[in-house]
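Following are the structures in question.
Two complexes come next, and they have one chain in common, chain A, joined by chain B in the first and chain C in the second.
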Partner chain A sequence: MKKLRIDMQALLFLLPFLIVYVLFTIWPMIKGIEMSFYKWTLIKKLKYVGFDNFKRMFQDDQFWAAVWHSTIFVFLTTPTMIALAIGLALIANRKSRLQKLYRSAFFLPSILSVSVASYLGLFMFQPYTGFINGFLHALGILPEGKEVFWLTEPSLAWIAIAALTLWWTVGFNFILYLSAMQEIPDDMYEAASLDGATRGQMFWRITLPMLNPITRTILMLQIIASYKVFLQIYIITGGGPLDSTRPIIQYIYQTGFRKNDLGYAATMSYMLFAILLVLSIIQYVISNRKEAV
Partner chain B sequence: MKWVYRIISLAAAFVFLIPLVWMIVVSVKEEGMKVSGTVDWFTPPYSFAVYSQIIGGTKLLQWVWNSFFVAGVVTILTVLIAAMAGYAMSKIRFRFRSVMFFVILAGLLIPGEGIIIPLYQVAKDMHLLNSYQGLIFTVLASPMAVIVLKSFFDGIPNDLIESVQIDGGGTWRIFLTIMLPLTRPALASMAILTFIGSWNNFLWPFLSITNDKFFTLPMGIPTLMSQYSEDYVKPMVINTLSSIPIIILFLIFERQIIKGISLSGIKG
Partner chain C sequence: MRRKFSTLIGALFLLSLILSACGSSDNSSKDSGGTSSNKTNETASTGSGEKVNLSFWTLFDGGDGDNMQALVDKFNQEHPNIQVKNTKLVWAEYYTKLITAVGAGNGPDIGISHISRLPDLINQGVATELDEAAKEAGVDWSTFNQNILDASVYDTKHYAIPIDTHPFIMYYNKALLKTAGLLGEDGKPIIEQSADGFIKFLTTLKEKLPKGKYPFALSNTNDDPFRLWWALYSQQGGNDVVSDDLKSPEIDTAKAVKAADYIKDLYHKYNFIKLNDPDFYKTFQSGNAAIMMTGVWATGTWEKTKGLEFGAMPIPKIYDQQATWGDAHTIILPTTTNEDPEKRKAALIFANWIADNGQIWAKAGHIPAKPAVFDKPEFKEMPYRSDYVSVASTVKFPKHSDKNWQIRDNAMFKYLNEIWSNKMSSTDAFGKIQTEITKILSE
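What follows is the complex of A and B.
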């Protein structure tokens, strides 16, 4: 009887979580499997189609192009994000009267709503009237009368999207690096400087190795987060020019809600799921190894 | 050498702040202003005419309120139910505990974006589309928060709990008077991350809401922008109005927010 009472007590505390977890996470996961075997529209379930949706996915060039675009985004933003976050943390970690200003300035963009950040990017990168071209003119880098068409040239569009994303999201990783740097004991640097080490040597031999654990965590979380990219690209380029920047989630959305094909959209979501699952497992293994060391 | 550092630092701060300065300055310019050089952005005449036009003529303020309301309720409920579950997992020795732990841990691997299409169908079946309930209830389950809070509860010594039990205190009293107060930094950290996540949640409101009464900012802003693509003043007024409340909130709670994020790195 006592055992049962304890079980009931635990259940009482777990129940609110379990209800929302089962209804809005577990159940949709199962529902998604069902949907991927059907022709399923926004209005209703139509008919069972077996593995047709899966076959179609593996032959769908547009889908794989979208997977590739999301992958480009991951490769563009992840290493730059880590380098930038470390650089900014180095700046904000130096003793200076402006230390607080630096910290606030680097984090402030992170609190903007994703739409605000994206529209700021869109308007800043406009040719003729945008701020960035105007600024380049003022500095004399861009000759008067010439314009950079950031958003209509695929490779430049990627640079614009990546730059905006870095500006908007680097704040979190910057804070993580800053607090990791402050954990490094001062005597390590003092001992090194007694041995005649230069500032550069201290950075490469002490700071960077000491940041290794947090870098591994940030690296994987960043990769996973970047695969979910959607709104910045949707607002800044609309997936264009000519679908050349369209990411996975935008293609899934358009298939489901514009082409009225939820069944196929659910199938492709499962592929995204699979990609993220593999990455999450890698992340889990890496972060557990960190504890073992 | 010192000067080089200082110039690089100032330049970086400048690059990070200038888009925000630009946003605010352009928002108080007169509509239809001429731009022929960088200086034009920052010189008078200024005017607040567009502000009253946007406040009076659109639902933007309603959406700011919706965003705060949804994020606030989501934050309180998410942290509360995660703390309850984390407490049960950490301190109540019930049967099937390891099974339950595995079930929750598995949730870490399920990405919200991967199940959003079937979630739409589930919410539709439950008549949750186009409602605050649909915006709030669907995002409350955070296995991450449960596991992080459990690990913090694990650090609370059992002696403390026993001393309350000797006084005749039950599970609820232990939870409310020991567990929650002693893990306040962790709870705050989870709350801040949940708030920012909800504040920026775009995909789910975008799919589940079509009535503009329930729009949140991330999805409301684009519907206004499409009408004003030629001019810079209106978009920047919209951006500024949307950002001022959260910027003020950030400046007030900056220390706690920074601490909360640092803490999440240690456990992450």
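What follows is the complex of A and C.
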């Protein structure tokens, strides 16, 4: 009886959030399933089309190209992100006078909004007046009168987008690694140094294995977040040239709101959801098996 | 130390949540602003003879936004019985919001539409036919420029009141042309109006201009080179890229390729244009380019630029006939739940009045839709505009396809950009454009 009362009280406190959550997150998700079976414009649902949207999706080259672009982005940014975050955390974890400066400097870009970060990226990479080309000119690597067009060559554009994203989002992962490093007991290092281990050995044999659990978490979060990449690419290259950097979310957005085809956009959203679900399950199974051993 | 640090992490986490929340709340507050202003109008009395309150959604910002607000204020002052409330929406989201709001029955009484977007709005049931209300409001269709008006008429029915046209024209820097000896006594450029003549003009500029100055400022992607292509294609008699029944692509490939190759050479053969210029407006504005081409809306910007001595003129006649790209702003009456005739009449009185007072709207550079405005002293006093008003009759508007914007964004821009960056031949590009348009039209 008493327990029920406490539960009711808890529910009362949860209610404001719960209502908003159900109304704006759960309900649209359910609605999305319905939409994917209809021809549905911005204004109204037109007609039931069964699995036509799904059939269309499996034959749509542009959809698969966009999925592939998001995948490229995941491959480009996930390993580099983990390496960079560990590197920065190692620097900031050393006993040094600049420790506080390192910590805030590495985290600072993360507080920028996506549009601010992307415009900074544009200023850095644009030809003639951009910082990168100016720097290359100053070093004499790039001859006078020649420009590198970072944003209009597909492979260079990927580098620019990945570099910007790393700089902008590494802060959060850096913090996670830093706190995990501080959780590693000092006596392990002490014992290792008594046994004559070098710094490199300590890093490979102690630090990295001890970071394993957090690495798994970061890996999963990072893959999911990277598949949802949209705004920085939209601002920097617009998905071009020739849609060669257009990620799946941009294609969904264009289909839904520019081409006015919400039904098909919902279908593709659920496909993305399925891809992420499968990846998460694989990840979960693998990490569970490891822990069991 | 450890505990201190974990609180720091917690604080940063919270901070990032708050910051990301700020980003998204921005949109929703704008949204609710729009609908709440609309509701106040719903509740206002609408009986005949009484005061009529109208909601008006616009997509203008900057100079355009100020001029439209000035027009609305002036109208409200002169018409105590009709009060118009102007809600400014963000341009990039305007059409999506208009379409969804009208679909949900919360649309405004008056809206703005580009003339090229009109077919889509009509097809979706957002824009309504106006003939009856126009008769009541005393709109005289013969007072509009025929070329602009024709683009807003569907099967002899009127769907919009055009208030301007904003075509693609050419601007020139008088000081730089003078150094190159290409400025006439009358302050106008000395150009022979032909394909070779224009190249010769630019070649002379390239030879005579000081180092670091470019003959021609134009972007490498999307809108402006597309507009130039459209102008040159139309000058050869090319008529849009879709068939008359709007069901299939219809490109006059020989003309399309000729126009595209001509423009491509400006970039890559003659090097008149700074490649991948990040901001070609700025290149011209800071006096680093002799000519530039864009829409007439730039006139207002150049006027406000200190030390820029410029002139404006129609795009030179490179081929057989005078023609250019252009769009137009029109006023539409979106579908509402009760279709109140009093409101519709009042709305068209307002729309017609806006078109009549084009001299205020022309401040940003637009060409008024009613030729009578050209003779008003306030209009004549403004420089530059009169040099290009003739263009209103030579704008080649797109055909009435509801897929105009999709074709432009997803077929034309995409492959033309490849030509401008010298990665695809014009013939290949138009082959791909043809396939892409077929696909868009079949969806």
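Convention: the second predicted complex is superposed on the first by the 259 of 293 C-alpha atoms of A that agree within 3 Å, B and C clash if a C-alpha of one lies under 4 Å from a C-alpha of the other, contacts with A are read in each partner's own complex, and residues count from 1 in each chain.
Operating definition for what follows: contacts are C-beta pairs under 8 Å (C-beta built on N, C-alpha and C of every residue); 3 or more make two chains touch, one makes a residue touch a chain.
Note that the structure is a prediction, hence the values are computed from the model and not measured.
**Q** In the overlay, answer first, second, both or neither for which of chain B and chain C A:T41 touches.
**A** In the superposition, A:T41 contacts chain C only.
**Q** Just chain B (first), just chain C (second), both, or neither: which does A:S113 touch?
**A** Both partners, chain B and chain C.
**Q** Touching A:F172 in the superposition: chain B (first), chain C (second), both, neither?
**A** Touch status of A:F172: both partners.
**Q** In the superposed arrangement, does A:D261 touch chain B (first), chain C (second), both or neither?
**A** second
**Q** Which partner does A:T129 reach: the first (chain B), the second (chain C), both, or neither?
**A** both
**Q** Looking at chain A, does chain C or chain B touch more of its residues?
**A** Greater contact footprint in residues on chain A: B.
**Q** Should A:I252 be classified as contacting the first partner (chain B), the second (chain C), both, or neither?
**A** first
**Q** Touch check for A:P154: first (chain B), second (chain C), both, or neither?
**A** After superposition on chain A, A:P154 lies in contact with neither partner.
**Q** Which residues would you name on chain A as touching chain B in one complex and chain C in the other?
**A** 107, 110-111, 113-114, 129, 172, 175, 179, 257
**Q** State the interface residues of chain A toward chain B in the complex, per the touch definition above.
**A** 3, 6-7, 9-11, 13-14, 16-18, 20-21, 23-25, 27-29, 31-32, 35, 40, 87-88, 91, 94, 96, 98, 101-116, 119-120, 123-124, 129, 131, 134-135, 137-138, 167, 172, 175-176, 178-180, 214, 217, 221, 224, 228, 230-231, 235, 249, 252-253, 256-257, 262, 265-266, 269-270, 272-273, 276-277, 280-281, 284, 287
**Q** What residues of chain A sit close enough to touch chain C in their complex?
**A** Touch residues, chain A against chain C: 41-44, 107, 110-111, 113-114, 122, 126-130, 147, 149, 151-152, 172, 175, 179, 182, 240-243, 257-261.
**Q** Touching residues of chain B toward chain A in the complex: what are they?
**A** Within the complex, chain B contacts chain A at residues 5-6, 8-10, 12-13, 15-20, 22-23, 35, 37-39, 41, 67, 80-82, 84-85, 87-89, 92-97, 100, 104, 107-111, 113-122, 126, 137-141, 143, 146, 171, 175, 196, 199-200, 202-203, 207, 217-222, 225, 232, 235-236, 238-239, 242-243, 246-247, 250-251, 254, 257-258, 261-262, 264-265, 268.
**Q** If we count contacts the way the header does, which residues on chain C are in touch with chain A in the complex?
**A** So the residues of chain C touching chain A come out as 2, 5-6, 9, 12, 15-16, 19, 22-23, 96, 99-100, 102-103, 124-126, 220-221, 274-278, 405-406, 409, 414-415, 417-418, 421, 423, 443.
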